[in-house]
Amino acid sequence: MSKDVWVVVETLRGEVLEITYTMLAAGRGLADGLGGRLTAVLLGHNAVPLASTLGVADSVTYVDHAAVADFTPDAYQRTIAGLAKGAAPRAVLLGHSSMGMDVACGIGIELGTPVIAACQTLDVKAGKPRYVSLTCGGKVLAEGELPEPTCLVTMVPGGYKPQDGKKEGAPEVTRVAPPTALDDLKVRLKGYIEPEAGDVDITKESILASVGRGIQQRDNLKLAEELAATLGGVVSASRPVVDQGWLPTSRLVGKSGKSVKPRLYLALGISGAPEHAEGIRDAECIVAVNTDEKAPIFDFAQYGATVDVLKLLPVLTAKIKQAKGN
Amino acid sequence: MNIVVPIKFVPDLVEELEIDPSGVALERTYMRLIPSEQDEHALEQALLLKERYGGNLTVVTLDTGDVDETLFTAIAKGADRVVKVLGEGFAEGVNNHAASSVLQAALEGIPFDLILTGTQAADDLDGSTGPLLAARLGLPFVGYVTGVKQEDGGVVARKEYPGGLVAEMEVALPAVLGIQAAENPPRYVVTSLVMAAMKTAKIEEVEAGEADSSGAAEVARMYLPEPSERAEMIEGNVDHVADVLVTLLRERGLLA
Amino acid sequence: MPIEPVLVLVAFLAALSLFGYRVYRRFEHMRLGQPAGPFGQWGQRIKALLVFVFGQRRLFRFRTPGVAHFFIFWGFLLLLPTIAQAIIEGVFPGFVLPFLGTFGPLALVQDLIAVAVAVAVLYGLYLRLIAKPERYRGSHQAEGILVLIFILTIMVSLLVMNGVRRDQGDSAIGPAYWQPVSAFIGSLLAGLSAGTQNTIGQVAYWVHLGVVLTFLVMLPGGKHFHVVTSMFNVFLRDLRAPGRLPPAPQFDGQAGVKNVEQFTWLQMLNWYSCSECGRCQEVCPAYASGLPLSPKLLIMGLRAHIFERGTALRAASSGGASGNPSAQAVLEKRLTGDVISDDVLWACTTCYACDQECPLFIEHISPIVDMRRYLLTQQRADPMLMSALANLRRYGNSFGQSDRKRAMWTADMTPPIKDIRKEPAHTLWFVGDYASYSPTLTTITQTTARVFQKAGIDFGLLYDAERNAGNDIRRVGEEGLFELLAMKNKAALANCEFQEIVTTDPHTYNTLKNEYASNGSADGSPTVPVFHYTEVLDRAIASGELPIRRQLGYTVTYHDPCYLGRYNGVYDAPRRVLDAIGCRLVEMPRNRDRSLCCGAGGGRIWMDEAGVKERPSENRIREAAALDNVQYFVVACPKDVTMYRDAVKTAGQESKIEVKDMIELVEEALG
C-alpha cells in the first residue's frame, strides 16, 4: 500500500488558487506522518511557472496539454483518474470547490475509490491516516480513518493556514503525457465572463460591515451603510442578500464570492455557513451579531452578541459618531 | 428537452441536531427532513427550462421519510411525473453512493436529455449525488451551475468560480448538471394547487434495486463542535453591547 | 303659459328611453357577474336604509361637505314633486299635482330647501374650483362641476318660475307666506311688463326641463349613477361581520379573480355606486405613504372595465370578434396587469379605513383580495412575501423557525405556564407568531404572562401545537394555506378543554373570532368567546381580581389597532384600562375608527417597502408627538410595538415620545 499523498493543484487563469496551499499544508502533514512523499499534480498548458510556489511538495507531476489549459470537468477527470490508476496513492486531495467537486466523485467511481467530502483536517494517529469533515452547515463534525488502500478527499479551507502550504522554489517537476486520450471531450470551455465591475473591491477594504439574511429587508441596508460609512468601511454580504439582488455580486463574501482580509469584519445577521465562513478566514477581528446563539458564525468570531441587529445598528452608529467626535 | 430532477431529503438545519446513541450518526427519530435547498433550485431551473424549451419533467426521490408532499408540490409547480423509490432501510439514512446506485437503476426506462440536481446537499459526507450519478451513468457532469441554455444540440452551463468569475461550459447531452442557484428563486405554488395535485396526481412507486453503498468512508465518531472555541459573547441590551463594541474598536485603533 | 305639449312629451319620452336604455346596458353587464347573497335580515336592511341613506349618517364624517350633501339629497327628494309637476303640466297645460302640488307646508319646505341646495352647490363649487382637496384627485372634475351647475340651474330656474307665477297670481299655492323665497324672486321681477315676465317664465321653464332631462340622460354614465343605485347598494350589502372575508370561490379550479366577470353582481353594483368622493382615498394609509393604491381609483377603474368589457363581449358575440378590432383589444386587456396593476393590489394593508368611510358602503378590500388570490397562483408577488408563505407552510410561522421553539419564551417563567394540551384551563391564550418568536417582543409576552398570573387567571398555552392563525394569510390571498393552518389549529383546539380564548394580537383575535367557527372546513372547534387581552384586563380590573396599586399619572395617547378597533369595535375596554391605572389620555386627531394603520397589515410586513415615500407609522408618530406633553404612545398589538418603535427612531422623535405596550404600563401599576 502506498504511503504517498497527492494534491491536485487548482489554478484559474494563470494563478494558483489558495485552496491548493491549504491542501499542501494538510498533505505535508499527512505524508510526513505516513512516511511517504507529497506530490503536487498540476495540469495546464505552458504552465510550468505555476509550480514555483509549490515548494512544500516533494515533487510536481505536470501534464501539459491544450485540452487542460483551463479546467473542464471531463478532461481533468480523465487525466487525474488516469494518473491515479497506475500509481494508487494513499490519498488524493482535491479542493471542495467548483473544480474539485466536479471531478472527485467521477474519479472515485472510475477507480472504485471511496470519497470523503468537506474535510477540514487530516492527521495520522497510531500510524493510521484520519480525517475530520464538516457537515450540516458546519453544525456537525464527522471523523474516522481514511479507507485503504486509496482514498479521495475534498478539502475545505480553515483547518490550515495557507501560508503553511506555500513555499517558493519549484520542487522537481516531472512532465508526463496525458494518460488517456483527450479528444471527444463532452465538456468544453466556451469562455469566461468577468464579474461585474463593482464600485468597490471588498478584498482591499480594511473594515467591512457584512449583511446576511438577518437584515430582513432591502431598506435596512442603509443602516449597515451608515455604520460602514461612519467607520470608513464598506458593506459586503453573504449569499442570500446577493441572491435577492439587494447588492451586486462584487460584494459577495464567501466560496462563490471573495475572500476578504479586513482588520474588522462585522457579521450582521449572518449565520456563518461554511460557504461564507470560507471567505472570512483571514479577517483579523470578526464581530458577529445574530439572534440565534447557536449560529455557526460564533465559532469563527472573536466577539459576538445575540441582540437584534436592526436595533443595534443605529445605536452603534450613533455611539461611534460620538466617540469619533471626541 | 426531457429533464429528470432527483431530490434528496436532508435534515432541516433549523432544528437542533443530535447525535444518536451509536455516536456515529445523526438522531433521526425527531428529525425533520426537508428537500435539499439546492435540489429545490435544480427543480426551479428545470421548470424554467421546460417553460422555455418544452419537454417532460420527471422528479425522483428515495422514500427516506415524508416525501409525498414535496412530490405533489412538484406536480403543482409543473412537473409531469413524480417517482418515489422504495427501499428497505431508507428511513435510517442513505449515503450518496447508495442513493446514486439506486437512482441509476430507477432511471432505466425514463428517457432524458438532462439531469439537474443540487450541486451539493447539507449532509454530503461521501461526495455529492450529482457527480456520483453522472459517473455511474457514464455522463458528463458540471457543477456549481447558475444558468443553463440550449445551444447547438447541447447546453451551455454557467459555472461559478470564486470571486464572481463565471465560466461558460458547452456540454454535450445527455449530461448531469449540479445546480448552485437557479436563475430565479424557487417559486412558491399556492396551497390550493398542491391540494388539487394531491387529489388528481399519482406518485409512481418503484422498488429499489441493490443499493451499492461502498465508496463512503466509515464514520468513527460524529459530534457537535465544542463551544470552547467560540466567540466571547457580549451580554446585555443593545445600548450596552454598542458601548462594549465602541470600546473594543477604540482599543484596536479602528476609530481613528 | 303657452307651452308646446308635444315638444315636452317628445323630450321627456326621449330622455326617459335613453336613460332606460343606459340603465339596461349596465344592468346587463352586471348579469355577467357571479351570484351574490343569500340576503335576508330584512329588518336590519331597512334600518340601514333609514340611517345611512335617508339619515346620510356616514356623510357627516366630513362635516361641512356632509351637511351640504344632506341638503342636496333631501332637496332632491323633496323637490321631486316639482319636477313631476313641471313635466306633466308641460304635456297637459294647467295640470296641478293633487295635494303635493297644493300643500302649503310642503311648498314652504321646498322653497327653503331650494335655497339650501343652492348654497350647498355653491359650497361644492368652491371645493371643486378653489379648495381643490386632494381627495378629488383622479375624479372626473368636469362632470362634477357640470352637475353642480346643473343643480344650481334647476334650483334657480324653479324659483324664477315660481316667482313669475306668484307675480301673475298663477301659483297653485295660495298665500305668499308658503313660498317666501319664490315670492321674493317674484317681487324682483314685478317691475317688468307682463310680456317680459311671461318670456322669463317660459325660458325658466325650458331651462328647468332641459337641464332635468339632460341630467336624467347623463345619470347612468358616470358618478351620478349613485343617485339611482345607492339605495339598492346599501340595502343589499353583505351584512357579514367586517372581520370575516367572504369565502373564496374557484372557477375551473382557478383560485381568485382573473377576469372581471368573475366578480359578483353585487360587487359590480358597488362600483356603479361610486360617487368619486375620494373619502376612501383620504383615509387610505397606502395612498398617504406614496404607494400607487387609491381605493377610489381602483373602484373607478373596475367600473370602467366592466362597462368596456361588457360592451366588447356583446359586440364580439353578435358581430363576431374578428370583425371588431377595438372590441378584440378590450377583450385582450388583462384585469390584473393592464387594468389594475400588481403593485396597486399589493399596496393594501387591509386596514378597513376605506370600507368604513365610504358613505355608499362600497367594498374595496374584497375585490383586492379576490385579485390577490389570482396573482399568487401566478407567482406575481414580492419574493419576500413568497418566502414568508413558504416558511408559514413548512413551519407554521413566518419567521422560518422551528415549531419547537415557539414557546421558548416560557422557559424561565415561574410558576411554569400550563400546557393546555395536557390539562384543562379556563382561558386558552393563543399567543401569536410575533409575540412568540420575535426576540424584541418576547419580554412583553412574558410581562403579559406575569400580569395574567397576578390577576389569578387560570390560563394555558398550546405550546408547540399553535400555528399562525392565518388572518393575514387569508388577506394576501393564500386561502389554501389559511385552511391548512386553521385545520391544524382547530385540531389542536378540539383536544383541549377551555371556556374562552384570549389573544395578544388583534389579527389573531379577528380571525379566531370571526373566521374560525364559521369556516366551512374542519369542524370540531367549539364556538367559544374570543377576547383581546385588553378586554380581559378590563374585566379583571373591574371585578377587582387585578388590584391596581399605583396610579401612574402619565399623559399618554392610545393607538387603536385596525383589527381591534375598526374591525371589531373594541375601543372602550383599552381606554378603561388606561383610566384605571391612572393615565391621562390625550386622543390623537385620528382616533377610534379613524385610527391610522401602522402599515404592517395585509401581509405588508412580509413585503419589501420599495415605493413607500413616507411610512404611515412615521406619519402617526408625528401626529402623536404634536400633542402636548404626551409621554407615551400606547399600543395593544405586537406588530404595532415593532412598527412604532422603529418609527420613533427613524422619525427622530426619541426625546419626545416613547412607545409602550399597554401591558407594560399595567404591570407598572400593579405596584
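Every chain is named by a letter (A, B and C) in the order it is written, and numbering of its residues begins at 1.
One rule holds for everything that comes next: a residue touches a chain if its C-beta (ideal position, glycine included) is under 8 Å from a C-beta of that chain, and two chains touch if they have at least 3 such contacts.
Small disclaimer: the values here were computed from a predicted structure and weren't measured.
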Remotest chain, subunit B as reference, centres from CA atoms: C
Winner on C-beta contact pairs when B-C is weighed against A-C: B-C
Cα-centroid distance, subunit A relative to subunit B, in whole angstrom: 20
Centroid spacing, where centroids are CA-atom means, of subunit B and subunit C in whole angstrom: 48
Between subunit C and subunit A, distance of the C-alpha-averaged centres to the nearest whole Å: 58
Sequence positions of subunit C contacting 2 or more other chains: 383
Residues of subunit A whose C-beta touches two or more other chains: 244, 306-308, 311
Contacts with two or more other chains, residues of subunit B listed in rising order: 16, 185
Footprint of subunit A on subunit B - complex, ascending: 11, 13, 16-17, 19, 26, 97, 119-120, 122-128, 131-132, 134-136, 139-144, 156, 158-172, 175, 178, 180-181, 185, 214-225, 229-235, 237-239, 241-243, 245-246, 248-250, 252, 254-255
Partner subunit B, residues of subunit C touching it in the complex: 250, 253, 255, 376-377, 379, 381, 383, 386-387, 389-390, 393-395, 400-402, 404, 478-481, 483-484
Subunit B residues within the subunit C interface of the complex: 12, 14-16, 32, 34, 185, 187-196
Of subunit C, residues touching subunit A in the complex: 383-384, 439-440, 608-610, 646, 649
Touching residues on subunit A, where the partner in the complex is subunit C: 217-219, 244, 291, 306-308, 310-311, 314
